[in-house]
Structure formats: structure tokens, C-alpha cells
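Here's a structure for you.
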Amino acid sequence: MSEALVALQDVTKIYPSGTRALDPVDLVVREGELLTLLGPSGCGKSTLLRLIAGLERPSSGAVWRPGEIGFVFQEATLMPWADVAANVSLPLRLQNVPEGELRRRRDEALALVGLEPFAKAFPRELSGGMRMRVSIARALVSRPKLLLMDEPFAAIDEIGRFRLNDDLLRLKAELATTIVFVTHSVYEAVYLATRIAVMAARPGRIVADVAIDQSFRRAPDARTSAAYLETYSRVSGLLAQAAEAAP
Amino acid sequence: LDKVSFGTNWRAEAEHGGFYQALADGTYAKYGLDVTILQGGPQINNRLLLAAGRIDFDMGANMIQAFDSVAQNVPIVAVASMFQKDPFILMSHPNAGYDHFTDLPRATAFVGNDAFVTVYQWLKQTYGFSEDKVKIYTFNSAPFIADKNSIQQGYVTSEPYAIAHQAGFKPNVFLAADFGYQSYSTTIETRRDLIDKNPDLVRRFVEASIIGWYHYLYGDNAKANALIRADNPDITEDQLAYSIAALRKYGIADSGDALKLGIGAMTDARMKAFFAQMVAAKLFKPDLDYKRAYTLAFVDHGVGVGLRPK
Amino acid sequence: MKALRRAVPPVLAFIGFLVVWEAIVRAANIPPYILPPPSLIGTTLVADRAILLPALWVTLTITLEGLAAATLGGVLIAILFAQWRWLERAFLPFAVILQVTPIIAIAPLLLIYCTPATAVLLCAFLVAFFPILANTTLGLASAERNLRDLFTLYGASRWQTLWLLKAPAALPFFFAGLRIGGGLALIGAIAAELTAGTQGGRTGLAFRIVEAGYRLNIPRMFAALTLVALTGIAIYAALAVLSHWALRHWHESAAETP
Amino acid sequence: MKALRRAVPPVLAFIGFLVVWEAIVRAANIPPYILPPPSLIGTTLVADRAILLPALWVTLTITLEGLAAATLGGVLIAILFAQWRWLERAFLPFAVILQVTPIIAIAPLLLIYCTPATAVLLCAFLVAFFPILANTTLGLASAERNLRDLFTLYGASRWQTLWLLKAPAALPFFFAGLRIGGGLALIGAIAAELTAGTQGGRTGLAFRIVEAGYRLNIPRMFAALTLVALTGIAIYAALAVLSHWALRHWHESAAETP
Amino acid sequence: MSEALVALQDVTKIYPSGTRALDPVDLVVREGELLTLLGPSGCGKSTLLRLIAGLERPSSGAVWRPGEIGFVFQEATLMPWADVAANVSLPLRLQNVPEGELRRRRDEALALVGLEPFAKAFPRELSGGMRMRVSIARALVSRPKLLLMDEPFAAIDEIGRFRLNDDLLRLKAELATTIVFVTHSVYEAVYLATRIAVMAARPGRIVADVAIDQSFRRAPDARTSAAYLETYSRVSGLLAQAAEAAP
């Protein structure tokens, strides 16, 4: 079995407002995994990602994480004063990557999300989905060991989303990235994940943790194969249970 | 030549004429001095620069400041008084019921901060002026002109001229000195250590200045006026002429003891009398060693008396 | 506990500053009429309290009145500007003129038409109002575009938009202006006292400072300056606390305790 | 075309203001030594240009130098404060003290240790720097939380966070402070000239104003005041244009042309 | 046929930056319709909604619209200084609805999106999905004649989304609301719409406008019925064509 990259031990999170966002959570993410978090709105998925990234301190428990992390926030979180190109190349600039390589990798990332023509546009001149794609390009450009993605494709049309799903899988294979991925689309979760954690709300906790057999992906009609739809139903059921679990 | 700097207490004007004269006609140079005159201004405190040793001499407005120096242990000493009479005046509107000095306490009084804590305290004590009547004077006479029932402080050499020219009436002028105010004015002050270390320098500066004053009052003062106007382009020839005439007419510089002892004269008797006035006005405690505020070592020698036209 | 810990740096800095000051004065033998040591200022403060405290009271009253007037005036004008942009274009230049006109020049004119008390208040007002006006105007224009659209959509009236949207959005800017204006009101009160005067008694701190300077009673001048400084800090701190309290729920800058 | 149309309200307001002023002075027969009519001020301005323009130049120089120094100083200190919060806690009180200390009190002290030119510059600096410091400090603390998180995540150094995140986020606040500081620098230059003096011939507008008031040459005083006012407006307008230009891509307040 | 509520005639939109967001668009929305806009990211869906709402002026052409409009923006757009209750009741407050009724309707709307326990919370204490639900509640609370919704459910989990889909249909029937709805989920579009307009990008335009036969919705297993899936495939195909149409 591959090495553990992220580990949470007995982690809880209580916000200053008193909201118990996470009850004790134990979680290990291993190298090469693509773990998808599914759960009702407000169950603590974003909180969990922020804890993994170290952007939030656990109220109790301990977290281990690798050094290089890329993060696609739930909101695009772009610098309004910088154009698309500058926003995308930010992680490289922060790592003092030389200008030439920076340009190359930035343009690569822009191409991936189909935004080359908008390199000089400012965020407020972009549509919601385009902003989110900038954010995705920014996370990919630094080729991190661990990639945390919080509903990255929610604002993108189905066609573009399917394409980005496949691009993500290809990149993951190429760069040997480990990914933790939040989505509300069970279809997407099933299509991407090597493992799915289902969460329940109030207090947030993991109620199911299932490995996904991805053999169906090799079929030419992966998205309509019976195996795919069967897995979808199973995970949907778990999610429905989790939603009921909430008070 | 010894480099010497001298700070005045206002923008260059005829009241500083003697010093500019000595500079302009080479008297200072003749006495081995290379003098720089630093003009003062409405909110400039050149005395502090003197105390701090940044300049060598300054022009004191009156003896009250000198007494204060003693009270505060500041080693500043008055070494000469160019004016025998303080040019401080009060003005009132003519024919408005304030034509006599005794009418003035009834009027609203525009008085500056400096005068308020000094001569006005004496006026209060001696003539019954009241602090409640006072409004501030910021060297702009418009409020006084606008209010017929008001009086305003001034210098005999300046304000009456400005008012006559701009407002078109001749105000009544009451020279405080003529009503018993004993302060010397336009003194030369320096630090005690300079007197101790280099009395000759002090003597030369005082005497050259005195000679400057004689020339300014009675001789050709064109070059001095040109210097004054260079420092303060706002002042007009007319204004200067008026001021010089007023200096002469009221005997501001050359009267009383100065007639015999020469311009710059100071006497123990007058100091004593003035100090008594100030004690009565509650400005000083009677036990103050006021004699430390001045020295007579450099004046009263009759320097320049011969320059006065007969 | 936390508040205590936060007070450590300023208190330390302050003590350090005073110690260095005292040491320099003593080592260089600087006479008190040039730069009095803190110890002497302290004793003067105590010795002259009968003179200084009433003066402080006078200055403080003018300051607070001036600040109140400036806040009211600045906010009111900012609101008018925000409601009718042509008003801003037409009258902002006048506001700038009022800001830059030296008090010493207009005080005599004010004295012709107003009582000294009014003139003083006007001067203090003039000095303090501009930052409040400028910052509030900026703040009122800084409401997020989407929220503005929302209000347009729901047919909000001018005034509803003002109270429910622009005003809350302007608060952080307003408070920044107020903190600047607080200090300026104090300066304004001092300048006003010197140029427009307070009737009769004339016993504000400004007058004490000038008188002390004029009479070379430098320790007393510094004692009075100390009171001015403390007043300034107190006003700033009070406004900072107010600002934090008003913004703590939502603005980034108030995320930490002040 | 659009710029022309935008200039209509201020120009109309201005002309209206002057007309009313002229009418009042004539109707009430106010003598020129109390309130000169605009026409007389205009002719004085032309007649006395040989005196007033060099004075304007002196004042303008001090103002711009003071503003430059204040901008530099204010921004620098704000940056230090933003980088090390304990520095802010420790030294903000000193900044407040510098703001509220009356120039009239410290100018004489400055003159003991500096040349008059330096003292004047220091005074102009002191008056103008606080709003820039205060607003910039607030701005540097106002970067969006999510963006701050992003920078933390990518291991941005202190200085990278400063230049790439905090500084741009602070710009709108900084410019607001700068617009306030511009006017204050002018006031500061005038106050400085009066208290620290421009000894040795360099006479700015402040002296012209005081001297003209002293000599009751009120039309000239108003002519000088007019120059001060115009300078103030010019500085404000220049800074507004600069601000609009710097923010036009992204900040709400710059959405419209100024 | 019912009356036209919205009409766009030859409407184009060119942003100041030069982007041609919409090429001449003609569109009529009739009372009682639920029109769904589908299209690739950046094709002008949000622009179209903003034009309908009157928040953007067309560069040419004319727009007719009704008086009362509710709008769910693509981003939650909450007032950060107001708590959830105040945010939701904003439209009522702006219409000077009396306090009692305001409270009642506000609480109703909060219940609909399941946020009663968070009435006193401030926006920054909410998760992304919760913020969006506040925004939905705000749009519903004023019972507008015309409801414009820009990807309202994108940030909400599948279970909650299905429930909200049904709630929306119920409300629409109750209040006789007309709805224009942007979504990236073809499933959702098909499930909700009486009519679907498919847009293509650069320049944005409507390339297909199909009426949806909603009879399958009456089946107990609507979301898995053959008719539903058949319609899904058809619309998916149109969308794929539209995506290809983009340069």
C-alpha cells in the first residue's frame, strides 16, 4: 500500500460562533488516491479541506500534511487588480520560478481551461464559470503533490466539465498527484474517485468511506456503462442516508 | 570679521531700522562684525534659538520677557534697549465715545496673545480694563474696523497707518508709555556665557547697532529701507516713511534717558520702577532677582550722541 | 488576559522612550528650557495642575464639539453627495477650498460676524470635517456592484439604498476618517483657540502652550503638550474601540481585537 | 464631450457663488478691507502677480515636498506596521502624538536642531502624514480573507504577501488618504511657513496672507487665499485623476470617471 | 397561448472591454413558462438574465419586462453586515411590508431552504451552499411575477437539490410565477423546464429552443423514467453541438 500523505487524528472543529462543524474525524489519504467528499450542504466539507491545508486550526486533534498543496477554493478568489495571466501565474511567482518557465506553464494551464483569449482580461470582465476556470488553472499551474479542490466544476457546463474531468485524471496520472475533491455531483464523484467519503451534518462527520472500482472507466462508453450507473446508485443511497442522519 | 547672527521679533519693518542701517552702511563691518539678520514672524520664537545657542543676539520685545528668563533660569540677558518707549498703543474709533483713555475699558478690546499676558495685565491692574471684554487680535484689523465700539492694540508705527489708508479714518492713538507703562522695548538680548566669554563682541554689536539707529533716524536711511524691503517686499516706502516719522514724533527711540546717555540707554531706577509695576500686575513674585535680567555694562556711555542733529 | 498581553508593547515602547529621553537629557546636560527631561515634565504636570487641568477641560470641550460638528457635517454632506452625484461634482471643490483655507486668514472674518465661541467651533469644525467627508464619500461609493444591482432590482428608493446598503458599506471608511478627524479636531481646537480665541478667560491648552513658550517656561509647555498628546491618544483609542465594535461582525480589518 | 458635460455643474456652481458674493458685497456696501468683491480680488491678482506668483511657487514647493515626504513616510510606516503587528501596537500611539502635537509648539524646538528649510519640511510632513498612515494601515489590513489564505497556502513570504496582496488591496484606501493628505500638506506648508519661517527671503503665500492682513491689504490677502484655494483644488484633482487611473480596472469607487 | 411577460427584440450586448457577449437575440417568455438556459461557460447566460432584469442596458435592441422581478445571482451576493434573517427579508423591507407579515414570510422562506437554525448567523459564518440558499430564500420571499435564477442550485448537494427542484415547481404552481433558469445540469434542466434554450458562445446566441414534454414528471420514478433519460440525451446532444459551434 502506498504511503500516507495526509492524516487527521481525532480532529474536531468548533467555530468561535459555537457551531460544531466537525466531530472527531479520523482520515488518512494515501499517495495517488483521489478521495471525493460527498455530503449535504453545511456538513463540513470545506472545513475539512481547510483543516487539511492548514488554513484552519483544529479545535482538538492533530493533522499531518505534505509541503506543497494546491487549493481550488469554493469561490474563485481571484485578485481583482490582476489580469487572468497574473492570477494564474501567482503560485509560480511566489515560488520565484524563472520568467520563461513561468510563461510556458501559465499558458499551458490557461489552455487547459480554455481561457487563452482572456489572458489579459480582468476578473470582473469574466463570467462566473470563467472565473472558476482561472482558479482551477491557478491550482494546476504549480503541479502540487496534493491538490485540494472544493466544488471546482460546479459552475461549469456539462460538456466542459466532462472534458475537465478527463483532463484532471490525465494530469493526476502524469504528475502523480494526490487529490481530495469536494463535489455535489454523485456522477462526478463516482467517475473520478478512487475512494468516496460520505459525510453527514450537524455535527459534521464521516459516515461512509468506500473504495471505488474504476474498471468501468476503461469502457468506451464509461459514463453510461452499467457498472458506472450501479456504483452511482449505491453512492446515492449512502448520501441519502447521510442526509437523513441530519437532525 | 566675526560672524554674528541677530534675530528680530517680526517681519522686517522700520522698527528694526537701526540694525538694517548698521548692516547697510557698513557700521557692523567697521566694528569687525559680519552680521546676519534673521527676521521673525507672527509665530516665530527667536528667543528660544538664542537660548539654544543657534543665534548670538535677539531682539527682545520688552523687559517682561527678560524677567521671565530669570524666573525660568534661562541665561538670557538684556544688554541694551533701543527704544525708551514701548510703541504699544491702543486705538479707538474717533467720535464713538472713546476719545479719552478713561473711556477705553468700556470697549471690546482686540488684544493679541502676547499683549494679553503682559501689558494688558498692567492695564487691568492700573486702569481697570477687564479680561471679559477681550477678543483675540491676530494682526488683522478688520474686526476692529467693523465694530465702532471696540478698541485694538497696535504699534504706533504700523496699525494707524494701515487703518488710515485702507479704512479711511484716523483712529485715536493712545501710547501706553505715555500713560505710565515703563517697559523698555526693542532690547538687544544675548546669552550670559557670551557676555562672559567675549564681552568685546557684545560691546561691538551693541555700539554698532546704536550708531545704526542714529543714522537710521537722522541720516540717509535709503539703503537700510532697501534691505528691509528686500527681506519683506510687502512693506511700502510710504509705510516706512510713516513709521520713521512716528518713531521720531513719539520719541520712541531717542527720548528720556537716551538724550543724555545715548540710544540704547537703560537705568537701574527705571528697571526697578517697571518691575514694581509688573509685580503689582501679578506677573512676577516680588522676590524675583530681576537685576539678573539685564546688565548696564554696554550702554549709557553716550555712544553716538553726537550724531543727533542739533 | 489577552487585552493585558496586547498592552505590553505600547507600554514597553513608552517606558523605553521616556528612559532614553531622560538619559539623553542628563548625559548631554541639556538645559530644561531647551528640552526638559520627562521627570521634570511629570513634576511640572503635578505642580501646575491647577492651571493645566481647567485648560485641558476647555480644549477638550472645543475638540469634542468640533468633532461632533465635523462628523455631523461631514457625514451629511457625504450623504448629499452620494445621493446626487452632480452635487458632489458641483460642491466638492468648495469642500476642498474649506479644507485648505488657512484658519489664521479666515478667523478674523469669522470674528466680525460670529461670537468667538462660534468662531472657535467653526474653525475646529473646518479642520476636522474634510477627512470625514472624503472617506465617507468614498465609502458610500464603494458598495459592491452586485448588491447595488440587487437594490435597483427590488425598486429600493434612494433613501432605502442609502440606509440599508451604502451606509453600512461605508462604515469602515467612515471610521477611518473619524479616527483621522479625531486628531484633527484636537489640532483644530488648538489652532482655533489661537486664532479665534475663547472669550475672556482664554484658558485652553493652546493658550497655555503659547504663553509658556513665549515666557520660556518650557517645562510647563511640555506638560501642556503631554496633556494634548494624552488627549489625542485617548480620542483615537476610543474611536478605535467604537469602530471595532461596529465592524466586528463582518469587516476584515476588525477580524482581530484592536 | 463627456468630460465637458461633467465640468458643467462645478463651473456653474462656481460662477453662481462668485455672482452672489459680488452682489452681496455691492448691495450691503461692504468695504473691501472687510470683504472684497471677487472682481477686485481678480484685478488684485493680476496687479500683484509679481509678488504673488513667486510666493505661490515657494509654497507649492514646500507643499509638494511635504506631501512627497508624508507619502513616503506614511506608507513606509504603514508597511512596517502591517508586517509586524506588535510594531503597530507599540508605535501607533507615537504616530497619534505626532499628529496632534501643535506645530506652533514644536516648530521652535525643531529650529534648534534643524535648518529652517528642514524644519518647514518636517512640519508640512507632520501635518500630512497621519491620514496617509492611518488609511494605508487600514487598507493593508483589508485584504480579503480568502486571498490571504491563498498566499499562506502557497508559502508566500512576508514581502511577497505585502507587494502582491496587501499593497494592491490597500490602494483605494491609500488614495483616499492621499487626497486628504494633499490638502493637509498645503495647510501644513502654510502653518510651517508661519512657525518655522522661511528665513532669508524665501517668502511663501502664508507670509503674504499674514502680512497683507496686518497691513489691511485685504484684497491682496484674498488674492493670495485664492491662489491657495486653486492650489488645493489642483492638487486634489490631480490626485483624483491618479487614483482613478490606478483603480479603474477593478475598484467599485473608480467605476465612473471622476 | 398565454401572454408574453418578457420580450427581447434584436438585443445585442457588447461590453466596454470589447467582448461581444450577445449577438442579436430574440426571445419571448410567456406567463407560466419555466425557461431554462443551457450553454457553455461564458456564452452570455448571465448577461441575458441581467438584460432581462434591466441591470444591463442592451447595446442595441429593445427589452420588455414586468415590474416585479426576483433574481438569484450566480454569486450569493449577501450583505456581509446583516444576519441571515435580515438578508432574507430585504426585499420585503424594501417594499415596506408590515413587520408581522415580514417575519412570517421570512421564516417561511428560511424553512424552505432549511436555514431556520441559522437566522441569526452572519454570512461569513456560513458554508458556500448555505449562502446560496439564503440568496434563494431572498428571491422567493417577495413572490415575484418573474423569477430569474442564475445557477441557483449549483452549490447544493444532490439530495437537497432534488428537494429544492420540487419545492420550486410547487411554488411556481402556487404563485403562478414565470421562471427563467440557468443551470449547467442538463438533468436539472430537463426535469424543471417547460422549454429549454440552448446557447452557443462567442458571440453568445440562442442556437436551439425546444419545448419539453413534462408528462414523465407524473411518473412515480420520474428521475429514472425512460422518457426523462431520452429527453436528457436529446438536450445533451444539442448542448454538445452548441459547444462545438464555439471557435
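First chain written, first letter: the chains are A, B, C, D and E, and each begins at residue 1.
What we mean here is this: a residue touches a chain if its C-beta (ideal position, glycine included) is under 8 Å from a C-beta of that chain, and two chains touch if they have at least 3 such contacts.
Here the structure is a predicted model, which means the values were calculated and not measured.
Q: Please identify each chain that touches chain A as well as chain B.
A: D
Q: Both chain B and chain C are touched by which chains?
A: Touching chain B and chain C alike, sorted by label: D.
Q: Name the two chains that are joined by the greatest number of C-beta pairs in contact.
A: By number of C-beta pairs in contact, the leading chain pair is C-D.
Q: Nearest whole angstrom, what separates the Cα centre of chain C from the Cα centre of chain E?
A: Those two chain centres are 50 Å apart.
Q: Give, as an integer number of Å, the spacing between the C-alpha centres of chain E and chain B.
A: Roughly 86 Å, centre to centre.
Q: What is the distance in Å between the mean C-alpha positions of chain C and chain D?
A: It comes to 16 Å between the two C-alpha centres.
Q: Give me the residues of chain E that touch two or more other chains.
A: 75, 124
Q: Could you list the positions in chain D whose residues touch two or more of the other chains?
A: As it turns out, chain D has residues touching two or more other chains at 34, 104, 108-109, 112, 144-145, 194, 210, 213, 221, 251.
Q: What parts of chain B, by residue number, touch at least two of the other chains?
A: 42, 45, 48, 52, 138, 140, 142, 146
Q: State which pairs of chains touch, listing all of them.
A: Here the touching chain pairs work out to A-D, A-E, B-C, B-D, C-D, C-E.
Q: So in the complex, the part of chain E that touches chain A is made up of which residues?
A: It comes out as residues 15, 17, 19, 38-42, 45-47, 74-75, 121, 125-130, 133, 150-151, 154-161, 184-186, 236, 239-240, 243.
Q: Over in the complex, which chain D residues touch chain A? Could you list them?
A: The touching residues are 144, 146-147, 149-157, 160, 164-165, 168-169, 171, 249-251.
Q: Please give the residue numbers of chain B that touch chain D in the complex, ascending.
A: 11, 38-45, 48-49, 52, 54, 138-142, 145-146, 158, 162-163, 165-167, 230-235, 239
Q: In the complex, go through chain C and note every residue touching chain B.
A: 31-34, 104, 107-109, 111-112, 116, 194-197, 199-202, 207, 210-211, 213-218
Q: Contact residues on chain B for chain C in the complex?
A: 42, 45, 47-48, 51-52, 65, 68-69, 71-74, 76, 113-114, 116-117, 131-136, 138, 140, 142-143, 146-147
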